[in-house]
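Structures incoming, each one as structure tokens.
Here subunit A shows up in two complexes: once beside subunit B, once beside subunit C.
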Partner chain A sequence: MIRTRPREQGAQAPPSNLTRRVLTSRQTRLGLIMLLGMILFTIVGPFLAPHSPTAVIAKPYASPGDGLLLGADSLGRDIVSRILSGGVNLTWMGIAATAGGVTLGTTIGLVAAFAGGIVDTLLMRVVDVLLTFPTIIMAILFVSMVGPSRILLVILVAIGLTPGMARVMRGAARPVMRREHVMWARTIGLPSRHILMREVLPSVTSPLMVEIGLRLMWSVVGLASLSFLGFGVQPPAADWGLMVSENKDGLAIQPLAVIIPAACVALFTIGGNLFAEGAARVIGRTEGARS
Partner chain B sequence: MAIETTTDNAVKAAPTPGPSQRSALPWLIARRALTGLVTLWCVSVIVFVATQAMPGDVAHIILGPSASAEQVAQLNQNLGLDQPLLSQYWNWLSSVLTGDMGDSLVSGQPVSELLAERIFNSATLTAIAMVLILPLSLLVGLLAAVFRDRLLDRSYLGTSLIVTATPDFVIGSLVIALFGTVVFKVLPPVSLIPPGDVPWEHPRQLVMPLAVMVLVGVTYLSRLVRVSFIDVLESEYVQLAIIKGLPMRRILFRHALPNALAPSIPAASIMAAFTIAGSVVIEYLFAYPGIGSALVDAVAGHDLPMIQAIIMLMAVAFFCFNQLADVLGTLNKSR
Partner chain C sequence: MLSRLVGKGQRSRPRVLTAVVASAMVVSLAAACSGESSEGSGGSSGGTLRVGVVASTISTLDAYSNLRSQDFYVRNATMFEPLAHRTKDGGYQWALATGITHNKDNTEWTVKLRPNVKFHDGTPFGADDVIAVFQRVLDKKNALIERNYIDFMDPKGIEKVDDLTVRFKLPKPYGPFEFAVTNSNIIFYKKGSKPEQAMGTGPFSLVSFTAGRETLVKRYDGYWGTKPKLDRVKIISFKTAEASTNALIGRQIDASSNILQTSLPTIEKTPGLKVMKSDVNLKVSIGMRADTPPFDDVRVRQAMRLIVNRKLALTNAFDGLGELANDHSGFDRCLPAVPQREQNLDQAKKLLADAGKSNLTIDLRTAANKPGMLQLVQILAEEAKKIGVTIKVQKMELGAYLEKWGEWPFYTGYDTRPYLEGVPEMISGDAVLNHNHWDDAEFKSLAKKLYATADAQEQCEIQKQMKKIEHERGASILTATNPTVSVYSSKVSGLVPEFPSGNLYDFTKVSMDQ
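Up next is the complex of A and B:
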């Protein structure tokens, strides 16, 4: 039934087209390559580590040499191995939190825009309350009580991403609700879920794509910062954020133990931002001003 | 760091359009105050639920697994945890509202006393940072707008993209490595302020945390200034002024500046809000004795009343700055 309906003018381009369009920008390509590269690095890394990331094999802050390419950290563990093993949690937790937050936020935003009225008001009030807590503060609040479980952190960061996402998607979806194909679908009484998934969602892929890049960056920033504060991945496990705080007192002796993990986090998040901003620019240029 | 979510959206999308838009300002403010109170009440419920009403035994979390049954019972009684939840909440809320936040479980001193100096230190740091950020952002944003799409602007945009994406603790660690310990050893790598001293008696200790805050803040704010300057410079009346041959300096400062300033003011308030969240990381990194590092210590020491007080304080301050931004944004629009 859907398929027989004539495609009206101005209907959104299919997503594959959007992807191709967005990838015409050099900045977006660079961002995507950095992101994928870092993800690959964190996944393959643990298998390449020459030593166990938790084994004490040298003196604390031992200098490079003796088979240790970068030397040893504050407890005498191999820095190379810890860097290679220290990103995988960030990757899966960051991606999981982004997926959760984006899905939840998009759902809330679309439902609010679709339903309107009291549902819209209520949902947006809930969003306002959630916005009162900066993600990191909310995470600290719950972690302090429940303990730093990784699943909990993913859920907390996802909840932290949700309200902003909901606002953006609601804003993007509201004009779509007045389009003919959506009104048509509503008139003939298609189920709401069907309308949201098949008629509305495909029309908001552009902001969605930008937001996914941004949210991925924010969840990695948030998770790494929590790790740095000691509320994320717990010692003795290797984790970039944790490595920075573990080794910061030895910065004068062994600067690489701080700078390299810090740079790894930065490469990851900068990749996300390059992609998001590049995509936003391409979309802005080809579709007119965003939102 | 990422000045997080919603910031941009909040500026753009914040004022919920409704029938009130054209009504009188006092009514608008009253409505905001009311929804604000409801929101803050929700916040207090969240904080309470997260800390006291969590499934599991709070006393065990505080005392650790090796605590005896008597100790647990004693603590439960001290904290009022043996009472029904609703009355616990009521007691807690009423004492918080009267400014009594209980005693610290670690030192036994009143929380309000312990926090007073910390709050003062954090507020001082934030205030100095804001004083530096505002004019700098204006200058940077203006320069970038005037030299739009030229080398200066492009390198500015590239830098800001990187700074925005980089977590505060990474920037901070690099700054410490650069000026504190590894390359130039000119500044103290930690910002310990002895208790009883006011922060500005130790200016050298403040330089690095301030540098990080200013870098992050200017990056965020100047981008908004740049965009609004570009909008103004493309507007008809500025174009006309250029055609008329008015000197560029006069156009920029007399005509463009006031109009470009307006959209940046709510953004500045949002930035202040995010400084509060960012302060946790920066204060911890530099061991600066503020409210953010107090929170990290309190969590490490399972100091429940401290955690509750600090998080309530941060949420309220964060909320107030965000509300202020919303109101300022609405005022701008209605003008």
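Up next is the complex of A and C:
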């Protein structure tokens, strides 16, 4: 009796229930559809491209026509093919960076909340220091020193996401530490790892889910910005952020080469934001009621 | 060889642009006197010209700094002067010198200096200043690039005859002496002055300098030549050509010679901006380090040269401005009798297979610091893909790129110098100068002959042979020769396409509508 009760409350309740609750909101559904639609677009896109995204096949900034639906970019490459191929890096890098940042941030936040005392203070001060360092500037610094590499970018963005994530998760986990089931687990001497994974983590899934949505958007925007600034995906690869940067000088003659990739990044992030925000509202409403 | 890397390369300005400057100066030998009226007075139209340059954030005021980007060359051209400016036809416009004579066997050269020239602090310029500069350049400890142009001199053989005469006694005959000492980077400052004083004799004097940000100079009223019309020139540094282009469109600057050529169509439609194309004087190059694999094999180097589609590069990377280049340095004089190299992927593939380098994968680094550079490397990479060669373009920040200049195996650079000036670097043992580490015995022995003769005809014949060797086995890919495209506000007048002015180094004739 005493054994199972805390579990029900902490571990099982959220997942299935949560998903269902979250999807009752229209905003959340719309956001999710946009987000999944864009991810699908980036994955399938490269296979639908009529030309190679890097082949030089026309005059720079050629107007639409001659088999090029939207014309050519600054180097004479097909815009349609570049748009279709330009999101896949952003998607995988964004998801990987989010996964890394969320995992690392959650771990730090939970450990800090669980351990308390000096460990908590120490971890949070380190996080404070990291928070003062803007992600983009940090990324530019390291990319300048080491040279651009996609893995490096993923790591840097993940590190950039970590401090914010750690703070939120620590805040969410602290009240959980005082709950019966956690205190019970500590009393009977279960290993810390076990308590964190089985007792604490399941109790913070709601904020975690909202955060994942938000962080994914931040990493997408961050990665696109880095590409725009020339520190991200390197030419000649197709990439939305890079496309905006490459073609911005031709804005007056060939505006589509800038507007469409910018709109793609926007759709991606707006979808994610709608979802995260909607989810946060639903959770705030329903969980507030529960407790 | 030819590729000067970004920063360092800009020195070539002298050649053409100087001609213009020079002519301005020569016209007015008279002026040597006028006192120190305050800036802004004098009835000229005045105003401040804001010039955008693409420059590294680290730079110093020293006229012989080893940190060189565009700001260095523009700044120096306003405040300092060489002995003479070279003209387009191979002659000289005398500046700080008035003539150079030599003995029969080319071992003793005498330079007469211009009288009544004053430094910005009002003190007279003379033989001691000239000797001090030559001694500094020749001192190996200082490791100055200019030493390569005059290393035929013996520092002990330079003597003062009188205040306005300097004699150079050479250890062995040297023909193109005038050409060497009139290098536009061999400029003169006051002996014993501190670098941060920038104490020159030029038409403008220093007001303030912030490294990596801007240099402000004002008209020097004690200037010996035609005084500039402008009150001040502000040289503003930008990190990229994109930034300087945007600043120009946004009217934060009045003129820039470092703009994105792809934005020309936009600029041409923008009211209030004018476009000026200079004489062709720029070659963007892709360098291949010839002493390390894979480029130590000449077949690999030739394959790379056969991969690039030059016509496509000219139209799509350089916006059709300029003409095709043929893998040798130098500009339109003394050309070798070799056919224009064309793209030939089959032959390139075969050469790579013979060299055992099929399916080569290699990084190509660029700081994209000249118009068309980034586009050119992408075109090369795209063509290379067709025969299984993977070229990974790595765009780098300029500072980080220059830090390892001379070490990159595959990289971009540019060259703007006349052939006679470029060759000493191409045969140098110094990796910073001879950045592609090309070492060709026949080329070197021809170079020796080139500098032993003072006969222009003979020099030209030797140059043709040397360029042929470059074409056959050199270590740079040269696809096109370009003009420098400058854009300036329609408020600015007096800029002409000829070299000094055409590259925005000479502002003596420029005026601004207020």
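Here is the rule we use: the second predicted complex is superposed on the first by the 276 of 291 C-alpha atoms of A that agree within 3 Å, B and C clash if a C-alpha of one lies under 4 Å from a C-alpha of the other, contacts with A are read in each partner's own complex, and residues count from 1 in each chain.
Note that a residue touches a chain if its C-beta (ideal position, glycine included) is under 8 Å from a C-beta of that chain, and two chains touch if they have at least 3 such contacts.
Here the structure is a predicted model, which is why all the values come from computation and not from measurement.
When both complexes are overlaid on subunit A, subunit B and subunit C end up clashing with each other. Residue contacts after overlaying the shared chain place A:M145 against subunit B and subunit C alike. Legend: residue contacts after superposition of the two complexes on their common chain; A:A252 is shown touching both subunit B and subunit C.
Of the two partner chains placed around the shared chain by superposition, neither subunit B nor subunit C is touched by A:W92. In the superposed model, A:Y61 makes contact with subunit C only, not with subunit B.
Once chain A of one complex is fitted onto chain A of the other, the partner contacts of A:I270 are limited to subunit B, with no touch recorded for subunit C.
In the superposition on chain A, contact of A:W184 is made with neither subunit B nor subunit C. With both complexes placed on chain A, subunit A has more residues touched by B than by the other of subunit B and subunit C.
Within the superposed three-chain model, A:W218 lies in touch with subunit B and out of touch with subunit C [touch as defined at top]. The superposed model puts subunit C in the path of subunit B at one of 150-158, 186-194, 222-230 or 312-320, which is 186-194.
Across the superposed pair, subunit B and subunit C both touch subunit A at residues 144-145, 230, 248, 251-252.
By the touch rule above, subunit C contacts subunit A in their complex via residues 242, 245, 260, 262-263, 265-266, 269, 312, 315-317, 319, 368, 374-375, 378-379, 381-382, 385, 392-397, 399-400.
Only residues 1-2, 4-6, 9-10, 12-13, 16, 35, 38-40, 42-43, 46-47, 50-51, 54, 56, 58, 61, 161-162, 164-170, 173-174, 176-177, 180-182, 189, 273-274, 276-277, 280-281, 284-285, 295-296, 298-300, 302, 307, 311, 314-315, 318-319, 322 of subunit B touch subunit A when the two sit together in their complex.
Residues 124-125, 128-129, 131-137, 140-146, 160-161, 163-165, 167-168, 171, 217-218, 221, 224-225, 228-231, 241, 244-245, 248, 251-252, 255, 258-259, 262-263, 265-266, 269-270, 272-274, 277, 291 of subunit A are the ones touching subunit B in the complex. Residue ranges of subunit A in contact with subunit C, taken from their complex: 54-56, 59-61, 74-76, 144-145, 147-148, 230, 234-236, 248-253.
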